[in-house]
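Contents: one structure, followed by commentary.
Chain nomenclature is as follows: A, B, C and D, assigned in order of appearance, with residue numbering initiated at 1 for each chain independently.
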Amino acid sequence: MEVFRWPVRVYYEDTDSGGVVYYANYLKFMERARTEWLRSLGFEQDLMRQDEGVIFAVHHVSIDYLHPARFNEQLEVTARLVEQKRASLTFAQSVYPLAQASRPCCSARVRIVCIDSHQFRPTAMPENLMKELPNVG
Amino acid sequence: MEVFRWPVRVYYEDTDSGGVVYYANYLKFMERARTEWLRSLGFEQDLMRQDEGVIFAVHHVSIDYLHPARFNEQLEVTARLVEQKRASLTFAQSVYPLAQASRPCCSARVRIVCIDSHQFRPTAMPENLMKELPNVG
Amino acid sequence: MEVFRWPVRVYYEDTDSGGVVYYANYLKFMERARTEWLRSLGFEQDLMRQDEGVIFAVHHVSIDYLHPARFNEQLEVTARLVEQKRASLTFAQSVYPLAQASRPCCSARVRIVCIDSHQFRPTAMPENLMKELPNVG
Amino acid sequence: MEVFRWPVRVYYEDTDSGGVVYYANYLKFMERARTEWLRSLGFEQDLMRQDEGVIFAVHHVSIDYLHPARFNEQLEVTARLVEQKRASLTFAQSVYPLAQASRPCCSARVRIVCIDSHQFRPTAMPENLMKELPNVG
């Protein structure tokens, strides 16, 4: 699968008094990229919830923090689908300074699960989404 | 009305790379104090939504930032009801370092409105809440 | 002065369980717009801190919340300089759904002060910034 | 080692429009618990930075999300030191509803590294901290 890329600028809201991006905030950046990846395939999560009764929930994150990003840096966030099951998707994601892909801020695996928005239980992903997903086995 | 007080510790999550508490985060601290004030009167907002179909929304904030708070400081947040109408409450609130009430980090007026949780329109506050409120005219 | 505009997408991170954007997060959106406005004039805040020893701190916000924004909405944030003093700038800012400028989510006045980054005291804005500012009296 | 416990209340700021605590925010809760654990041993991180020139940075998180927490829930966060090296500490942490330890919201491993606050490189933990740590091999 091609790697999806999404730009993120570091604002004060993202940093902490250590002078760098607060560790939990990289998870926000990664979710923005997953959301925009879905949108690039033609899927809006508010409509998916309304029309299909499904939402996505994160079930697992494993993340390594490597080189901290600083205030005002221009970053790029990647998302690459690496595993696809009936009710879950696993992504490899990283965040790095623009044009410094060899020196990532952090690198993660993120598994999201398709959830029935009423019962909060895993459910099969909508057919129309399955059809659009790249074949990752 | 007596002033309600609620302790808040400054963690990394609250600060920014300027070395101080990020300006939007004082609004989080103030909401915690309003929530705990309501709880101290016997009202849980999740139950109010479920049983009475009402939620509170902030309609106006006017805030002055005076002396920045830093990482690891122990703060106190105050909430004092200063105006009460059929569908709204106005609070005077401040945040200051513990035992330094004369040197507040910030000082605000916050007006919250009681909202019908389905239609998102202002609605009269529940009777049982009105009865518990201090008389502020 | 021309109005500066900056797009903001609402992600899950911005919302709360009331179903709308959390009230403090509009202040994040407004700061992003002010930061990008400064950048559009040629000023990077990390360099201003490093080279001139100044940072900007928010000293006052007065904000009215009008129509809540929801998950996945595409918003636009405006920033218009309305007052300029030796050490402070005041902006009129609003946030509204794209192409619905007549139905803003919120509308605010925000005063920022130029601060000496070491002593945390107000100081005159750098000359080169003053020269680039629109004349607002 | 004894398990350290720290109470956390879920406020609106912590939730998202999915109706539950936003996934990145559990990392904030876990950091609060680690901070309070350090404080319980007699160490204040602002003083450690000032006096010893060290800060702690998170280097790895592996987290499973199990049962979402909701607005207004009273949670408890645990921290248990499971590995100790010269420059790093690894914790097992979980978050669960008060008195429901058998049904955790999430469960994580978190490795933090002691960093020289000037050079941002790993450095040995201060002797006086090493002496206070429980023996975990």
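What to note about this one:
Going forward, contacts are C-beta pairs under 8 Å (C-beta built on N, C-alpha and C of every residue); 3 or more make two chains touch, one makes a residue touch a chain.
Small disclaimer: the values here were computed from a predicted structure and weren't measured.
Taking the mean of C-alpha positions as each chain's centre, the chain lying farthest from the centre of subunit B is A.
Judged by contacting C-beta pairs, the busier of the interfaces A-B and B-C is B-C. Centroids built from CA atoms put subunit C at 23 Å from subunit B.
Taking each chain's centre as the mean of its C-alpha atoms, subunit B lies 27 Å from subunit D. A straight line joining the Cα centres of subunit A and subunit B is 33 Å long.
Among the residues of subunit D, those in touch with two or more other chains are 12-13, 18, 24, 28, 31, 70-71. On the subunit C side of its complex with subunit D, the touching residues are 12-13, 15-20, 22, 24, 70-71.
By the touch criterion stated above, subunit B contacts subunit D in their complex at residues 9, 11-13, 28, 31-32, 35, 44-46, 70-72. By the touch rule above, subunit C contacts subunit B in their complex via residues 18, 23-25, 27-28, 31, 55, 57-65, 68, 117, 120.
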